[in-house]
Every structure is written in C-alpha cells, then in structure tokens.
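Would you mind keeping the following structure in view while I ask a few things?
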Amino acid sequence: METNYLELTIGAVLVYNFVLSRFLGICPFLGVSKRLDTALGMGGAVVFVMTIASCATALIYRYVTTSVKIFGYAADLGFLQITLFILVIAALVQIVEVILQKFSPPLYKALGIYLPLITTNCAVMGAATINAGIDRGVWPATLFGMFSGVGFALALLIFSGLRERLELSQIPRPFQGMAIALITAGILSMAFLGFSGIC
Amino acid sequence: MMKTLWNDFFKGIWRENPTLVLLLGMCPTLALTSKAVNGLGMGAATTAVLVGSNLVISLLKNLIPNKVRIPIYIVVIATFVTIVDLCMQAYAPESLYNALGIFIPLIVVNCIVLGRAEAFAAKNTVIRSAFDGLGMGAGFTLSLTVFGCIREFLSTGGIFGVTLVPGWNFMLPALAPGGFILLGALLAGMNYLNERKAVKAGRLYVPPQGMDCRHCRICSIDEK
Amino acid sequence: MNTILIAALVCGVIALVSGLVIGVASKLFAVPSDPRVDLVIGLLPGANCGGCGKAGCADFAKSVVAGENPPNKCPVSSAEQISAIAHALGIEAGSSFKQVAVVLCGGDLNQARQHTLYNGVYDCVSAAMVAGGPKSCSYGCFGMGSCARSCPFGAIEIINNLAVVHPEVCVGCGTCVATCPRHLIKLVPAEAKVHIFCSSPLKGPEKKKVCSVPCLGCRKCVKAGAEGQFTVEGVKVSVNYDTGENGLPGEDVVAAAGCPTGCLMTVAKHLETEYAELAEAKKETENGRK
Amino acid sequence: MAANKPIPPKPLSFPGGIHPAKDGKSLTEKKAVVAAPLFDRYVVQISQNVGAPPKLVVKVGDAVKKGDLLAEASGFVSVPLHAPTSGVISAVGDAPGPMGTLVPAVYLDADGRDEWTANRMAPLDWRTAEPAELKNRVRDAGIVGMGGAAFPTHVKLSPPPDKKIDTVILNGAECEPYLTADHRLMLEQPEKVLVGAAVMARALGVENIFIGVEKNKPDAIDKLNELAGKYGVKVVGLKVQYPQGSEKQLIYALTGRCVPEGGLPMDAGCVVQNVATAAAVCDAVESGVPLIERITTVTGTPLAAPGNFLVRIGTPVIRLVELAGGVTEEPRKLILGGPMMGFAQRSFEVPVAKNSSGVLLLAASEIVQYDSAGCMRCGMCLRGCPMHLSPGPLSMLIENEKFDLAAQNHVMDCLECGACAYACPAHRPLVQHMRRAKAEIRKRAKK
Amino acid sequence: MSENCNNVKLPSGDELILSSSPHIHDNQSVRKIMLKVIVALLPAAAAGVFFFGLPAAGVILLTLASCVAAEAIWFFLAKRPLSPLGDCSAALTGLILALNLPPATPWWVCVLGGFLAIWVGKQVFGGLGHNPFNPALVARVALLIALPAALTTWTPTGIEAADSEFELSTYATPLGKAAMLKTTATPHGSAHGDIYAELATDDAYWNYFIGNRGGSLGETSCLALLIGGIALMLMKLIKWQIPLVFIATVGVFSGAVHFFAPAMTPPALFHLMTGGLLLGAFFMATDMVTSPMTTWGCVIFAFGCGVITCVIRIWGSYPEGVSFSILFMNALVPLIDRMCQLRPFGYVRKKA
Amino acid sequence: MNLKNTSNPLLLGLILCVVGVAAAGILAWFDGVTAKPKAEAKIRKLEQSLGRVLPENAQVGRSVTVDGVAFYAATVDGAPAGYAASGSTTKGYGGRIEALVGISPDGAVLTVAGGRAAVLVTEQKETPGLGTNVCNRTAVKTLATVFNGSETSGMPANRVLDSFGGISVSDVPLTIVKDGGRIEFVTGATVSSRAMTDLVDNVLTVYRDNRLRIEEATK
C-alpha cells in the first residue's frame, strides 16, 4: 500500500496519466475536447465523479466484496466486484445528477450534460479496479481517484486548447477530424513520457 | 430473413465498424493492440459479452422498465463480463490474462456493448440481436487484431509473436504515442479511400469528426 | 451454497436500494420533457458536429421543436432525413415546395475577361472589397468560391472559375445567397430548369466588351416563351420564377428562342458545357506537357 | 471622465507602430505646390462624404459656374457638392469610383472661362461670428475630412451636449510614406492652417489647440511656430512613427489620453482635424470659397516629374499623371491615397475626390506580392499594431470564417492602418482579412 | 484607354495589379528569417564537426537532406506545388534535428528522423505555421523512445578519445554520469555532496564551455551556441524573454535544489552548461510557430520549460529534460495564449 | 406483460433487485464451477515459473521468507535439490525488478535445461528495447521454428542472465565486467545490468548468511 501521497498524486496526474499513458477514458477525451469551455466542464465533472466513485467503490471493496460476514457466514465475493462497482457508479452518477439538478441548477447546467457520459467512461471504473487490484485503503483510493481525475482534466484541457488551434489550421483533407486529433494526442502523450520516473 | 440477419451481422464488420467508423471503445483499441494476440483476446472476450448481453436483453426487453433500464443493462453486462473474466482466469494462458489486465472488467463500460443493448437489443428480436452482437463483436475483433498486427509488426518485425523480420526493433508503435499516431494514420488512410470512393460516386464525404454516438445514446437520452 | 446465498443477498440489497433511489429520485425531481425532442434526436444523424451552431444534436433538436431553427439547419442530415423531421413535427419544410439555388452568371474563365491581376485573399467577399475585384464585368461571378465554402452541403462547384450549383444536392437552405457579394445566387423553384445566366443590367454593347455570353436584351426568348414567363427590367431580361399560369419556360423555349449568345440555357446543359471546357483545358495542358 | 482630467505629460508617441524604411517622401517634399491647369472635363462623384449622399440639383445640359451647387446636403451627416469650374453638365451617370465599382457622378465639360458663380458666399469675420454661423459656413462650403475619411467636418464641430470637448487637434502628422501634400501646405500656407484651427476652436468654444507634426518636417514645424502664438496654437513635434496620424494615436501622443474602445475622439474630449481641412475651413470663412480643389501629391518612381499639385475635385487621375511628366517605366499599381492605406485602382479614369491626398504609382520592382501561406506566429504584426490587436491569430480566425470569435478578439478596433501586413514576413494579406471581418460583422449586427 | 504619356505606354487596365493596402512591405520574408537562423546555427554545427569528426558532418548533411526530401515528397504526394520548399524551414528543421542527435547516429535513423519531423511533426498539421509542436523535437523524442539504444550511444570528442585512459565502450555524457550517480547514490551515503565533484571542476567547466564533452552533435559547445543565440537576439528574430527566462529558471531551480540537498544534483552551473539547455533555449523554445506570441506568454512558457527541465533532470528517469519540457510547453501554448491575450489600445473592461 | 413504462419506485427497485439476485446467483454458481480450474491455474502459474529455475522433475515444497527474499525448497525424488529464491532490487532504471533465482543447496546459481542459468525476471519496468534486453528471456520465434515445430520449450537465452550460471556464494560481491567483475552487461543499459547483478548478489548473500535457518524452516 502506498503511503507516499506526493508520489501518489504526481504519479496520477503526470506520470501515469490516465488518458495519455494508461489509455483510460479515451472516448470522452476525444469526444468532449473540441472546445475549451466544454472541456473545462467535463474535466470538472470527471474530477468530481471520480472522487466520490473511488471512495464508494473502495468502501464496497473493503467492507463488502472482500470481507462480508452475514449471520456469521463469511464469503469471498470477489466475483461480484465488477457488478457491484458498476452498479454503484451508475447509481451514484444518477443520484448526483438529480441532486445537482435540484439543489444547484448552475452547477447542473455546467456539469449536468457530462454526467451520464461519465458512466460509460473507462476512467471511473478503471480507477476503482486499479484501487481494488492493489488493495488500496479507502483514503488513498479516494485521493487516487481524485488526482487521476485531475490528470484526466489536465490532459483534456491541454488537448482542447490544441484542438481549437488545429481547427484554424489547414489540415490536409484525409487527416481532418479524428485522425489529426489522434496524432496530436500521440505527440502529447510523447511529451508526458518525459515525466516517467519522477515517482 | 436471412438477408436481414446477414445485414445485421455484416454491418458491424465494415459499414458500421465500431472502432474505425464509429470510433467507440477507444481505450482497449489503443491499449491492447501492441500485440496482435492481445487484440484478438480482447476482441473475443468482448464478442462473448456482446452476444450474451444482446441475447438476454432482447429476451427481457419487455420486462425492463424504462427508468431503470440502464442499471439493468449494466448488471446484465457485468454478469457476462464476470463470467468471461472467471473463464479467462481459469482457462486462458496466463500471459494473455495478464496482458488484458483491467481491461476485462472495463468491457462493462465499453460504449459498444451498452450501446448495442440500448440501440439494438432493446428493440429487436432475439435472433437478430444475437447476430448484431456477433457482427459488432467480429468487427471489433477484426479491427483490433488487424491494428494489433500492424503495431506488432512495425515494432518487432513479427506477427503473433512470430518474427518475420529478424533484428527489427522499433519500439515507438508499441508504446502509447505510437498507438495514437498509428491509429490516426490509419483513419487518415480510410478517409482518403472513402473520399475517393465518394468523389467517384459524386457524393459528399465528411471525415469522422468525433466518436459517432448515433448507436449509443446512453449519454444523451437520459438528459432529463 | 452459502456463497450463492450471501452473494444474492448482497447484490439484491444493493440493487434494490439503487432501484428504489432511482425510482424515487426520478419521481421527486421529475422535469417534464417534450417527447418530440427525443423523437427529433432519433431522427438526427447524431454527429454532434455543432455545424448547426448549437452545442450538439440534442440541443439542436430542442431548438427545432421550439421552432427556433428549421430542421434543414443541420448540415449533416440528408434531404430525406430533414424531410422526415419536418414530417414528424408537422412542419411544412421542404415537402411541398422545394427550392434550389442557381448562380445566374455564365461568364467563366474562357468567356469573361479578367480585368486586372488580383493579388490577395482568394475569396469573393474579400476580393469585392479591393477595387471591385478582378473581373471586368462588375456583375459577374468571381469564381473564388465563397459560396461553395459556405454551402453546408457541398452543392456548389467551381468549374472554370465559375460557381455552378448542383441542383440535386442543393437543399435550398439559402446560405449561399447571403454570401455572394455580387448577389448572383437566387433561390428558384426546383422545377425551374431554364435560366438566363447573366445578371448584368448594363447595355448589350458594354457587356459584349467584357464577356462573350452576355444577355444582350434582344428579347428573343420573351417572344418565344409564353406570356409572363420572362420579365424585362430595363435592358435586363430574366426568367420569371413566380410561376404564373403558363408555368416556367422549358427546353422547348430554349430551342425556339435561339438565344444569340447562349446565355439562355438549361442547368444540365450549363453543367455539361462547363465540364466539357474543363476536359478540354485538361487535355490541352497534357498535350502541352508532351 | 477622461475629458476632465488635466492633460498629463505628453508621450509624443504611442506604443506599437512601425518605421517604414523607405518613406519615399524625398520624391516630392521639396516640390512646391503647382496649380493644375484647367482641363476640359471633370467627373465629380456625387457621394464624396461619409453619411447620406447629397441630392443632385442639376441635370444634363445645365450650364453651371464655378462654385455653383451641384448637389445639396440631404441630411445632417451630409454636405453639398460644388462645381469645380464653369461649364456644361454633359452627362449624369456611372463613373469608375475609388472602390472599383461604378458610382454615380456628374460629368462637367469645362467651358474654359472658369467663371465664379454669382451667389458666392460672403466672407465672414471669424473672430466675431457666432459658432453656429461658422458651423453652417463649414457645412455650406461642403467641407469634409481631407485626411482620408471624408467625414463631414461640421458634424465633428457639433458634439452632442453631453460630451465636453476641451481640445482641438490639427493632424499634420502625415505619417503615410510618399505623401507630402500636408507638409507643403503647412510650409506654404501656414497662416491658413492656423486660422482654420482657430475657427474650429471658436466653433467649439475651445481654447486648447494643438498641431501635431512628425519631426521629419522640421521646416514646417519652424514655419508654424513662427506664427502659432498669434492664434493660441501649440505646435508639437512628434516621433516619426507610422501611424502617428491616426487620430487615436495622435490624441494619445499629444495628450496622453486614450480613446476608449469603440469610442470616438470626443470621448477623450478632443476633435481631430486634418491640416488641409483646416485650410479649407479658413478659405470658406475668410473668402467664402467652397471645397472645390485640394492639394494632392502625385508621386511614385515611375513618374518623370512627381510633385504636389493644386487640383480640382473631379480631375481624372490620368491628367495628373500627364501633369507629373508621364511615366518613364511601366507602372503596375495605381493607388489613390498613400501606400499604407490607399486603395489600388483598376483604371486611370478615376477622378480625384475631396479626400484624395495622393496619387501613387508603383513599378513592378516595388511591389511585394501577398502570399496565402500560413501565419508563422512570429509576432511581428503584434509588435506593429498600434491598437494592440493580434492580427496574425485574428487573420487565422477570419480565414476560417469564425467571425464571432474575431469580434470577441476586437477585430472591430482595427484601424486598417496596415502596419501588421507591412511587417508580416509571411506576406499575409492581413488588412484584407480585417476588412472582410469588419464588413461581415457589421452585416450580421445589422440583421 | 491606352493614351500615350511621353514615351512609355500606360498599361491598359488589364495589367494593373489589384491588392489590398498596404502596398509596401518591410524587407522581411520567411526565407530570410530561416536562413538567418541557419547561419546562427552554423557555429554550433561547426563545433560539432570539429569535436566529433567527419561522421558528425555526415549526420548533419543526411538529416538536412532527408528533411528537405520528406517535404518535397509530401508536396508531390499531395499534388501541391513545390514552391514552399523555398522558405528553407524544412532545412532548418533538419539542421536542428541533426544538432539534437548523437554524433554517431546510424544513417537510417537520420533519414527516419527527417521523415518523422516533417511528416508527423509538421505536414500533417498543414505545414509551416500550423504545427503545434516543434517538428524537430517531435522527431527527436519519437526516436528516443523508439530506438533508445541508438539515441543514447554517445561518442567522446576527438580530444577525449585521444586520451589513452578513456573507456570507449562505456562512454556517457556529463548529464548521463550525473544520472548514474543519482541512482547509485544511497541516501545515507557517506560521500554526501562530493559525489558530483568530479563533474564540476574548473577543468570540466572549461571543457563544457568550449564543447569538449560528450553529447548531442550540436549541444556541446556553449561558446558556439551563445554566439549564434545572442546574434539572433540582437537581430530581434527571437524574443529575448524566452532564452533568458528559461536559462534563469533552470539556474535558480537547480541551484536551490543543490543548495538544500547537495547529494541530489550537481551545482547550477553544471546544469546550465551541460545537456541541451542552451541549444533548446536559444533555438528550439524560440521557434515562433510553437511558442506564445505575447511577451508575458513567452515568460510563462519559458518558466514552465525551465521548471520541467529541472524536474526531469533531477527526479526523472531521463538524464535530460529539455526536449520533453519544450514539447510539453508547446502543448500548453494555446492555453497560455488565451490567458495572455492582449488588451486593445483604449480597452475598457466591461462592467459585469 | 409489459413493464416498460412503470414508474413505481417499489416496482423498479424490485425488478432491479430480482435482476441483481439472479445475476449474483448465477455468478456465485459460476464462481464455484470455475473455482477448481482457477486454483489449478494459480498453482500452475507458480509452479511453472518456479519449475523453470529448478532442475527437472523437482517438487516444490515449503517456503520461507528471509530479509525480503522468499525461498521455495525443492526436492528431486525426496532429496533436497536446492531452492527457488524470489528476490528483488530497486536499482533498476525503471525502479523495482523482481526475479526468481534457482540456487543449489550449496549456494550456487543452478544451471537448467539447455545450459541456461536459473535466473528469471518476473517483474520489471525497464525501458523497452534497452533495459528489457537485460531482463527478458524472449524466444525468437520465426516462421522456420514454427513450421519445424522446433520451438524450444525451455528458457531462451539471455547473455546477461546466463552469465550468472555457476556463480556461487563464494563469488559475492558480484560486479559486471565493466566494473571488473564476471557478469556480462549490455552497453547502453549498464544501469539495468548492475541492477540484476545487485539482485542476484542480494539473494546469494541472504542465503549465505541464513543458510541454516532456511534449511531448518523448509524441512
């Protein structure tokens, strides 16, 4: 279990960036990066959801799937992990959405449209699975989820800036659209490789 | 009937290929194709889940209330994913299982699977849904394997672990940046061919601008 | 067996709670939505391209339902898709009266004199602001394709420095009409096949100096056509697109009129001649290379 | 309000701007103004002012005298038009205009007698005349801004009551390369310029009068200084830097005030007038002469004898070229105005208008072609832009027709001064882009 | 209307050129700028050839040629005129790439690098001016991760090689040595602070300054780079803020780390004089296409480059971080540009 | 029956609950079904890798962990045949490297089938194409080997790892050739080579210092 929080956070944001080196959450990364403002909204939403989802799934992992005891019978429910994680994440997202809608319409307006997109996003589930895979405690897991989200948001922000610039370039016809976006993402991920080893 | 089924199957392979045309499920596409075997394995696993979930959901489609259909789809899909996971733990070669890693659980959130459940299985018959799942899965597998072959060949000079060009060693295509760049180049190539075809046919061709969500509107449909 | 029971229990409880919460929440916070929006979303191509000026297809669908935007604002939808939407919403968009655009100028590279050497942005609007652009005819098409670029459907092609609308692709959205700095583009009924490809109001001899296919104002067509098929404004003759009782002029009128310059033409013929000229030019350059 | 603040120490310059290496002024700056002879035909464009075009009051066949009304003002922002000589109206119709399109014009065949009209306006004593009287005179004389914009001068002299004007600035900067008309005017008729300034100050009820002159005209500064005291005018030498003559930059250089974004000089408490305008005002007031002739620089290396000429409004440019000795080398560009802001012409038939301060011919070797290559983001245009815009990125936006974003990035503040395009190593047609965007945005705003 | 004026015919309207104002231009062009930068790089290239011998000249020529060839082939494939080749930017990219490669780079790596730079780094984005990343660096980093062995095989300079004690097979650059010490230095090591002594002697510094050290072809000679860089600054072709802030940030940052933890990293001067800092700061971070346009933007950009360079050098697994830092900050340029937008003259903040 | 449009929360919850219960049931049952193969696979995995660094036919017995090194005792026909030791180092270029080292009872690195030294890296993060050349034993499969069926089943060769063959406790401390020792290294990947040397060195040192304890514990 990691105890070095600095390493945990820097690692999550830069070195093992979810999008650019772990290949998680590519779909929203490519899909919601056309404009800077939408990228900002999506980034915020992902940080938010990843934090609470990592916390919730870590709790489930710790207190249900690995060590549930009912009527004195213990069972290893490892096989339920996937089902429970995704169920909890989906429900959580829906609940957050309705609550936001009710109690903070401005925030809902800013983040609302991105929330459902996050359910079908590898990043959230990925963070939960990684946490479970190395048996992280609830607190580090939450932190990991949050900073992985920050890493995602950072990559998304940078990428959307680049794409706004690309939009003004005379991209050769076959490369227009997704193709150039992917190539740019590749070079961006190359730049992030430089951080390897700093933790 | 046969024709419909054939159509359901075949559209996933080329016309609506989930990776190359719809640009869905990008994470496994990029993460698991540094080797052709991994692509094939991931494709097979996803296909199994797709067929299974499509079957079950089209069976249950009338019993599923609209309000909770997404959680139910998810549970069904998650069940199949877990089954695949358990099978792989038990029977698959260890190296493959390790290579696929967390991407097996992540099939759950693959937009292709959920998207087919929502867009096809929930509206069509069991048989058609099965064929649809099979076709989409085959398309996914095919593109992953082909892309895997390309990356593997360019980086190690071999395919499926068999060296064809001894001494070739060029790591870039196998690493994250190379994956992105190669996929981009591949798309550009497809765009070029499609555009040429379209021009010949006198049509207008717009290169895909982003992922194509017309087959999975999970994200937008729940917009209250 | 224990495991199965416990698993079922745990999963059941969590699922029950989720279901309850979702159910209760959706009840409590229900926001009424217009089912037609979903309908339109379903009919749109879902490219989420933003080409319509909205944040995405869903946003656009809302504005269509609200009547803020006509369905044909979506640049990706085909004509059928658009009419399907219009049909679904009961809007009479393009179903009864289809219009297409036509560029009323026939002076291409080979026929109209370029007046000066132009050096600047290759764009009609910009060129028009530099001493009226390079074309000798102050009313002719620059052929720099501002309209073609603005057309969301790619219906306009620039052939031999002249804009030509492909009527089968054009959906009549009118974007190009607003773009052309020379106001050469007109929306006409789709049935109109015959046009006078000249927009200059100048006198015949003056036009003759700068262009070999001007409308000289000889009125042969007016005589050949039925009553009300053409309108005359000063020297300028044009097809009357407000279909009167005699309808629009057809090919027979073209044949009967025997237009001395050939600016009275069908669209098909126009395209045909332009393509032929293009092929000619290509052949020449190839020969030149050999 | 900026207007009430005391005038801070003068910067005598402004941030940004460029120094054209070859300013071409030496071709004509030593050439005294020569009055052009009477030609046999004048083509007077009807609309020579910003605002509503004047209404024609003559018809074909009418005989007119010099100074007779050809068209009368049709609104507040409109000025009358006068006959440049005596003769017969031979036609009313289209003539090549300065923007390349055909514009309505009056063709006046001179009778060679050049007789003044009978109802010529009476001289006024400006020291005693009412401000309103002076303003009316300025309007009746058909005076518009002769520095380039052709904005009716009397409008500028009638600020709305909520704007406090405390300074009149005469623009003698003449920062445009090649042009020396204002320079010669200030040198040869300083008295007229100063009187004009005083007249306008009186019309506005203002004490503070500046004349800003770039320091590359030391003789003109000296000349003005000799007489300036008499009229309470302060002559200020300014740093030689293009576009020093642009009113916003000039106001900043002279007073340290900034005209707020989208504002007018009066928002900074100033009224800026060209020196030629002032001279025309002087003529109108002191001798009742309407604006029918002006000093124009006819220059360019292809010309045999470039010089400054006193020409009547409506003279076709071809006559001026002949007057300047004809060409010794084939000119490839004809420009009305200076090389930085002037308009390329498609024909030598265009007539001189009230705001034509120069006629410039360029030979092939002097022309640098524009290129559609991409912006290199080198930032040279940023350094040159007197309005602190980012012309490079703006032009990219405009090229991609993102006019909304261009508007957000302040393209409407562009002066079209050309400093950016001058500096751009990629030879991008930046000003043309700006112009298109401004037109497009105005069009959209109207909708 | 061709009236005769004296002896020369006036052009009939057809031959008059129409264009927008302004009608005169500064005597500046892309080609001239690129050629000037190429000339400014010649001292560094010459130093490289002097210290590393003829193979280095081969690398320079080959890389340069392959960049130009790659651009020509691209234009040919895209059926576009070859005229943009004349702007010399491909040649400059090639030269800079060559100066970034080890002196003994195999020929095929040079060729591959040229194509990567021009195709992946530049032309797919639309060519000169459109590329968000520095093409030479894209190629250099791609090669580094693709062929780490080829790109980390250093050769000693001719002078060093003549030194008989020298081990040729295991040659490492000064930064490489520092990095190795980094991994071997145990936290509780006794030789606290002295471990870098050998790398930071006066003698060593002199060698670093003139360029008698291992490293990429053109990065070794501080002297040659300073000559070229300062010339560019004086000609105002590069914004002086970038090199200055970049170098100062590295100096201050590494100096501070060395001050507080001498075992962590060598002194600041070592950092300034070794590796590709000067080459990067003067010639690569300043590429106008890929750096911010405004003054403050440049300052932020250069500061970011400096910090990331130090972070990678001190904590990262790569011995050198200049390439990565510039590439990373290139990605941030659109955001920086947005942050540092200029206010128009007379701008008034709209009241909210 | 069509429940599509129900919005009764209780019913919704119930339906979801039923689905959940069913899913959980199926999964639990399936988990039971695959329990045995899974366990076998796990054992197979360990044995496979352990087996590769031990003599043929060796049986893996009890294990003990001393100073971070795990020793698995092995016997051949009941007689002690040495240990498979799982050690690690953090001096790799990418950080931690883990490897299995087969050692004989008297503390020498074993030589296994095909004359390979019994050193097998199980986890590493070295630079692909550089450090991995030091760590990985990758068989070069070519078309020829595939068609001839002559794929070697044993361990592929690796110059650095194989140079550990026969090295024994008496050779400690180990150094690479470059530093004057006996262990091979890969130019350009000295760091990784040193790290491997350090790893084996550590394993042997621990064995030398705790031999009796280990023998005792794994009896």
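Order as written gives the chain letters A, B, C, D, E and F; numbering starts at 1 within each chain.
Everything that follows uses one rule, which is that a residue touches a chain if its C-beta (ideal position, glycine included) is under 8 Å from a C-beta of that chain, and two chains touch if they have at least 3 such contacts.
These figures come from a predicted structure and were not determined experimentally.
> Please report the minimal path length, in steps, between chain A and chain C on the chain touch graph.
The least step count works out to 1.
> What is the set of chains touching both chain B and chain D?
A, C, E
> By label order, what chains touch chain E and chain F together?
A, B, C
> Could you pull out the chain whose C-alpha mean position is farthest off from that of chain D?
With centres defined by C-alpha atoms, farthest from chain D sits F.
> Return the chain pair with more inter-chain C-beta contacts, choosing between C-E and A-F.
Between the chain pairs C-E and A-F, C-E carries more contacts.
> Need the CA-centroid distance for the pair chain C / chain F, whole Å please.
Going by mean C-alpha positions, chain C sits 68 Å from chain F.
> Report the inter-centroid distance (CA atoms only) between chain C and chain D in whole Å.
So the centroids are 42 Å from each other.
> Please compute the C-alpha centroid of chain A, do the same for chain D, then give the distance between them in whole Å.
From the centre of chain A to the centre of chain D is 61 Å.
> Which integer distance in Å separates the CA centroid of chain B from that of chain E?
41
> When you check chain E against every other chain, which residues touch at least two of them?
Where chain E meets two or more other chains at a single residue, that happens at 13, 15-20, 120, 124, 126-127, 130, 142, 145-148, 317.
> Provide the list of chain B residues touching at least two other chains, using ranges where the numbers run on.
Within chain B, the residues that touch at least two other chains are 67-68, 71, 75, 78-79, 82, 86, 169, 171, 175, 177-178, 181, 188, 206, 209-210, 213, 220, 223-224.
> Quick check: what residues of chain C touch more than one other chain, meaning two or more?
Only 3, 6-7, 9-11, 14-15, 18-19, 22-23, 26, 29, 31, 48, 115-116, 119-121, 126, 129-131, 133 qualify.
> Which of the chains touch, listed as pairs?
A-B, A-C, A-D, A-E, A-F, B-C, B-E, B-F, C-D, C-E, C-F, D-E, E-F
> Enumerate the contact residues on chain B facing chain A in the complex.
By the definition above, chain B touches chain A via 23-27, 29-31, 70-71, 74-75, 78-79, 81-82, 85-86, 102, 105-106, 108-111, 114, 175-181, 183-185, 187-189, 191-192, 195, 206-211, 213, 216, 218-220, 222-224.
> Mind pulling up the chain C residues that touch chain E in the complex?
Of all residues in chain C, those touching chain E are 113-121, 126, 129-131, 133-134.
> If we count contacts the way the header does, which residues on chain E are in touch with chain A in the complex?
Residues in contact with chain A: 78, 120-121, 123-127, 130, 132-133, 138, 141-142, 145, 308, 311-312, 315-318, 321, 323-325, 327-328, 330-335, 338.
> Quick check: in the complex, which residue numbers of chain F touch chain B?
1-7, 11-12, 15-16, 19-20, 23, 26-27, 30-31, 34, 37-38, 40-41, 44-45, 48, 128-129, 140-143, 146
> Considering the complex alone, what residue numbers of chain E touch chain F?
Interface residues on chain E, with respect to chain F: 146-149, 152-153, 167, 169-170, 180, 183-184, 317.
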